[in-house]
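Data first, discussion second: the structure below is written as C-alpha cells.
Going by the order they are written in, the chains are A, B, C and D; count residues from 1 in each one.
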Amino acid sequence: MMKGIGTKELIVVWIAAVMVAGIGGPSSPAAAQPIKIGLMAPLTGPAAADGLSAKQSCEMLVEQVNAAGGINGRKIELIVYDDQFDSKQAVTVAQKMIEGDKVVAGVSGSYSFTTRAAAQVFQEEKIPFSVGYALHPAITEGGKYVFRVTVLGHVQGRAGGYAAGNLLKVKTVSMLIQDNDFGQSLASGFREQAEGLGVKVLSADKFKMGEKEFSPVLTKIKQLNPDLIYNTAYPIDGALILKQAADLGIKTQQMGSEGLDSTKGFLDVAGKAAEGIIITTNLDRDSKAEITRKYLDEYQKKYGFAPDMTGASTYDALLMVIDAIKKVGTDADKIVDAFRAMKGWQGVTGQIQAFTPQGEVIKNVELQVVRSNVFRHFGVVSDLKLLTP
Amino acid sequence: MPPILRVENVAKSFGGVQALRKVSLQLMPNEILGLIGPNGAGKTTFFNTVCGVFRPDEGRVFLEERDVTGWPAHRIARMGIGRTFQIVKPFRNISLERNVLVALGHDRISGWRPSMLGTGLKAHRDEVRRLLRLVGLEEFIDQTPTTLPLGHQKRMEISRALALRPKVLMLDEPFAGLSEEDIVPLAGVIKNLQREGLSILLIEHNIPHVMELCSRLAVLNFGENLCDGPPEIIRRDPRVITAYLGS
Amino acid sequence: MGLGYLTTIGTLVCIYAILAISLNIISGYAGQASLGHAAFFGIGAYASALLTLKLGIGFWVAAPLAMMAAGAIGAVVGVISLRIKGDFLAVTTIGINFVIVTVFEYSDFFGGAYGIMGIQYPTLFGVKISKGYYLLMCLGFVGLCALFSLLVSKSWLGLALEAIRENEAAAEASGINCAKFKIIAFAFGCAWAGLAGVLFAHFMRFITPNDFAFPISITIVAMMVVGGIGTLRGPILGALLMAALPELLRPLANYRLLFYGGLIVLMTRFQPQGLFGDKAFILRMLLGRGPRSMRHSGD
Amino acid sequence: MVQQFLNGIITGSLYALIAVGLTMVYGILRILHIAHAAVFVGGAYIGLVAYTFTGSLVLALIAAAAGCSVLGYLIQRYLYTPMLTEERIVPLIASVGLFILCEDLFRLLGGPYIRAFKVDLWFEKIAFLEAVVTAHQVLILITTAVCLLVVYAVISKTKLGLAWQATAQDMDTARAMGVNIRQVVTFNFIIASSIAAIAGVMTAINYNSVLPTMGSVISYKMFAIVVLGGMGSIPGTVVASLIIGMSETFMSAYFGFIMPRDAIAFTAMILILIVRPQGLFGRAR
C-alpha cells in the first residue's frame, strides 16, 4: 500500500516544505547586532549580468569594511535581494528589506523602473535609499530620502552633446536611440545640447533593447554620411552596432554612453570594431584617485575580469551610505542630512561636487575612448552649467 | 398542403469544385424523406447548406414558405430545423443534461438580457428527462458523452435536436457505425417522432432500413437530383442502379 | 514578517487572481485561446492612470470607465476570434499584446518609455485609503469577480459558452449565436482584466509598458492552467500559489527561476488537469478518497 | 537597396532555420513548442564549448546538432508525448516552464555575462554592387540553403520522410496504415532540434555573442512566422521567414521610427491572417 506515495506526493511535500521555510524564514540572532544595509539587484532574468556586477562589487566593499573592523566596531551585513527585473518584485523586496530585515538604508543596483518602484516604498517608510546607476528622472522625485550617485541621463546626454559639438567639432550626427527611459533620456539631453551647438541631427532611429540586427538602419545612415553616430545602447546592442557598422564599411566616429561601459559585454563582443569609440560615463579607468585604483585592482583580482560602470556605481552608492553612517550613526534622518551635506566626496566614479535639494548628484562626466580594446581617459566635461540638472 | 421545407435550385461550390448543382427538394409535413446517393454525391453539403452552415451560391431555401436562405445556422436552428451530424458532435465534457439543456434554452440564450444570468437551469430537469426518455437515455442524464458508446451519443444528438422543438428534423446517417441491435430501436424512435407530427429528412446508406423507414426517397448524384419517389419505384429505377454500381 | 510586506504580496495576489479568473471566462468557459491578456490589464491601468491624472477624474469614476475601455477593445479581439481560430488565434493574441504594448511605449500620450508616474492612491469619502484597506478593497473586488464568474458558470450564458468551447458547429445547430457569445466572453473577461489594471496602477502608482508585456500574459495563463482551467477555484488558487511562489522560493536565491520553471514543468506533467482541477489528487486527498484512486489517472 | 535586400535575406535565413523546426514540431504534435528557443540557445552554448576545445567549426556544428538532438528527444519523449491527450494549452505551459528552466540553467552554467564567439573564416568580407557581405553572412546563406535542401530531400525522398508526411496529414490514419508513429516523432524532433542548434551556432557567430537570454525574442517571434506560413507547412514557413525578414529590414530602414521590429512581425501576421485565416500556405479547415 506504500505504493500510494509517488512523485506527485513528494512534490507536494516539497512545496509545503518550501512554503514553511519561506514563511518561517531564517531569523537573525539579536546578539551580534550588525548594521544591515539592503541591496536590490536583478540577479536573475535578462539583466542578470549587471545585477551580478553590482552584487559582487558591494560584497567586496562589505568585506573590506568588515575586515577593517566595521563601522565603529559594528559589522555590516549586506542583505541582497533579487528583483528579477520586475517592478512588482522590486516593491516586494523593498518592503521585505525594510520591515523584515530592518535595514538602516537601501542601495539600488538595478534598472530604472524597478528602482523607481522601490524608491517610493523607501520614501514612504522614511529609509534612505541610495541609487547606483538607474537614470530615470523621476526616481528622486519621491522625496528627500532618495539619492542618486550617478548623473541623470539627460545630463549625461548633454555632456555627450557638448563633447560632440565642442570637443570633436562634428557638424552632423545620426542617432540610434534605445526605446526605453535610459536611451530616451540620454538622447533628449544629447539632442538639446548638440543642436544648441549647431550640430545637425540627420536621423534619429529607435530600437528595442535586445535588438541584434542593425544593418538596415546602418545602411541608411551610411548613405547620410554623418560626422558622428551617437547611440544610447546597452553593451551587446552597442557592440553589434559597431560591428555591423564596421562590416558595412562605415568609418564614421562613434559615440556611446555609460550603457556601453562594460568590458565583458561590450569590448569582448565588439573587438576591433570598438576601436576609437568615445563614451560618456562616470568611471575613469586611468584615474589617479587611490580609491578608484584600489577598486579596479581588487575587483580584477577577486573576480578575474575588469569591472564595469554598473558595479562601480553601485559600489559608490553603498560606500556613500557607509561613510554617512560612520559619520552620523544609523538614524535615517541624520543619514539623509549627511548625504545632503556631502561636498567634494571622492568615490570610485569620481568626485561628487554636491547634491541638489532634489537628491541629484552634481559631478563631472568622464569621457573614455577605446584604444587597443581598453577604455582610456579621453577627457572630462566639468562645465557646472551643463551638469546641474 | 404546402411543403414544410422547400429547397429550390441550390448550388454550392468550393474552390472550383461544384458540390451542388441546382438541387431542389420538397419535404412535406409529417413525412420521412430519405436522401440517398453514393459517397461524394453532396448529401452532407446539401444538409449544411440548408442548415445555414454554408451560404448557397444560388437558389433559395424556404421553411414553411418563409425564405431563410443565407441565414446563420443558429437562426435557422431557432426557426425550427433540428439536426444531427454524420460524425457525432456532442458537447463532450459536460453532462447529458447540460447537452440537451443548451438547445432547450435556445429562446433564453438569445442575447444579453437579465434572464441570461438568472439561474434556474435546474428547473428544466424534468423536461430534459422527458427528451432523453424519448431516445431511451434517461438513466445517463448525469454522465458525459465521452463515457457512452457511439450509439448512445447519436441518440443524444437526436434528443438535443428535439430540444429545439423543431418543425423539421434532419438526421445525417443516424445508423452509420451502429450494430443491428442498436439500429432497430433507433428506427423505432424515428418512426415514433414522425407519428407525433414531426417532418424528418435523413441521409442514410443502410438501404434496407431506409426502404423500410421512409415514405419517400430522393437520390442525389454528383451534386444533382437524380429522381425522387416512393421507395419501391426508386429501387427499380435504372439510373439509381447505375449511379450506385458506377461508383 | 512585516505587515507592509504581506499586504504588498496580498495585493499583488488579488490582482493576479482577478486576471486569472477573468482569463478563465475567456479560455476556461468559452474555450478561446488568449495569450495576450496582459494587454487588457495594461489598457485598464493606462486608462485609469490617464483619466485620474489628465482629466482629474476620481478613482471610483475612472475605474468603471477603464473597465469599459478594456472591455471594448476586448470585444474587438472577440470579433477577430470569429475569423481566426484555435492556435492561430492564440498566436494572434500574442501579437495583439505586442502591438498594444508598443502603442504604450511609442506614443508620448501614454508616457512613452518613461511610463506614467504620480498616480495616486484612491480616496474614499475624501480620505486616502491606507495600504491595509487597499488590500481589503482588492479582496472585495476578487470576491466580486469570483461571484460574477460563478453567476456566469451557473447561468444560461455560461452554458452557451461551454457549448461553444465543446463544439462550435453543434452549438450553432443548437441555436446558439457563437459570434455574439464569443464577443461577450472577450468583452467581459477583458473588462475584468481592465479592473485588475486599475488596481495595479493605483497600487504601484508608477506604470511602464514593461509591466504589461507578453511574459505577464504567460504568467496569467500559467496560473489558470496550474490551478485548474475551467473551474473557479483553480484560477484563484493558481494565482495565490504562483504569485506567492517567487517569494516562497526566495531562500533558494540564485536557483529561484530554475525551480520556478521546474515546478511549472512538473505540475503540468503530473497534474495536467491543474493542481486544484476536478481530477486533482490534492482534492481527492482532501476529500478523503485517498491516494489509491490515483491508479486510475494512469502513469 | 541591394544592401537592404541582402540584409533582409540574411535575417530571413536565420529565421527560417529556427522556424522550420518549430513548424515541423507543430505539424506532427500540434504543440506550440516555445522551448524550441531553449534548444536554440543550447546549440549556441554547446557549439561555443566545442569550438573552444577543438577550434573546428564543423566539429562545433556537429556537437551542437548532436547535443540538441538528444535534448529535443528528451523533451519529446518525457514531456510532450505523455501530454498529447491533454488540453492543448497544457503542453504550451509546460513548454514555457521548460524554457524558463533552461534559460536559467544556461545562466547558472555559463554565467550571466555575454560570451564572445569569434570565428575567423578564410576571408572577411566581399563587396559588390555597392553592397557588402561578410564571410559570416555568406556562411549563413550557405548553411541555410544546405539545411533546407536536406530537410526537403529527407522529407520528400526517404521512407521515413513519407511516413512523416502521412503523420503530418493525420496521425490516426497514419497509425492505422502501419506507420511507426514513435519513430516519426523521434525523427521529427531530431531534425528540428539539430537545425535549431545549427541556427544557434550561426546566430552566435554572426553576432559574435552567446548569452543566456538570446532565445527570449526568438521564443515568441518565431510563432508569428510559423503562423504566417500556415502552421505545419515547411515551404510556407520558409517563405514567411523571408517575408518577415524583408519587411522588418525595409520597415526599419525607411520608417524606423514607427514601431519596434517585433511589432512589425506581429502586425504583418495579424493583417495577413485577417485576410487569410489559415496562413499563407495553410489548408482551409
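Keep this in mind: a contact is a pair of C-beta atoms (placed from the backbone, for glycine too) under 8 Å apart; a residue touches a chain by one contact, two chains touch by 3 or more.
Remember, predicted model here, so these are calculated numbers, not experimental data.
Colleague: Could you name all chains that are in contact with chain A and with chain C at the same time?
Modeller: Neighbours common to chain A and chain C are D.
Colleague: Tell me which chain's centre, taken as the mean of its C-alpha atoms, is farthest from chain D.
Modeller: For chain D, the chain whose C-alpha mean is farthest off is B.
Colleague: Out of C-D and A-D, which chain pair has the most contact pairs?
Modeller: Per the contact counts, C-D leads.
Colleague: Quick check on this structure: which chain has its C-alpha centroid closest to the centroid of all protein C-alpha atoms?
Modeller: Closest chain centre to the overall C-alpha centroid: C.
Colleague: As a quick test, compute the distance in whole Å between the mean CA positions of chain C and chain D.
Modeller: The separation of the two C-alpha centroids amounts to 31 Å.
Colleague: Could you grab the centroid distance between chain A and chain D? Build each centroid from C-alpha atoms only and quote it in angstrom.
Modeller: 35
Colleague: Go ahead and note the Å separation of the Cα centroids belonging to chain A and chain B.
Modeller: Using C-alpha averages as centres, the distance is 71 Å.
Colleague: Report the inter-chain centroid distance for chain B and chain C in whole angstrom, where each centroid is the mean of the CA atoms.
Modeller: Using C-alpha averages as centres, the distance is 41 Å.
Colleague: Would you give the residues of chain D that are in contact with at least 2 other chains, written as numbers and ranges?
Modeller: Residues 104, 260, 262 of chain D touch two or more partner chains.
Colleague: Would you pick out the residues of chain C that each touch at least 2 other chains?
Modeller: Answer for chain C, listing residues that touch two or more other chains: 105-106, 254, 257, 263, 267.
Colleague: Could you list each pair of chains that touch, in label order?
Modeller: A-C, A-D, B-C, C-D
Colleague: Where on chain C is chain B touching in the complex?
Modeller: Interface residues on the chain C side: 151-152, 154-157, 159-160, 162-163, 166-167, 169-180, 184.
Colleague: Across the complex, what residues on chain C touch chain D?
Modeller: Residue positions touching the partner: 27, 33, 80, 83-85, 87-88, 90-92, 94-96, 98-99, 102, 105-106, 214, 218, 221-222, 225-226, 229, 254-255, 257-258, 260-265, 267-269, 272-273.
Colleague: Which residues of chain D touch chain A once you look at their complex with the stated criterion?
Modeller: 3-4, 7-8, 10-11, 104, 107, 111-116, 118, 125, 127, 132, 134, 203, 207-209, 211-213, 216-217, 248-250, 252-254, 256-257, 260-262
Colleague: Provide the residue numbers of chain A that touch chain D in the complex, in ascending order.
Modeller: 44-46, 48-49, 51-52, 179, 203-208, 210-213, 215-217, 219-220, 235-236, 239-240, 243, 247-249, 264-265, 268-269, 271
Colleague: Show which residues of chain D lie in contact with chain C when the two form their complex.
Modeller: Residues in contact with chain C: 26, 30, 32, 79, 82-83, 86-94, 96-105, 108, 220, 223-224, 226-227, 231, 258-260, 262-263, 266-267, 269-270, 273-274, 277-279.
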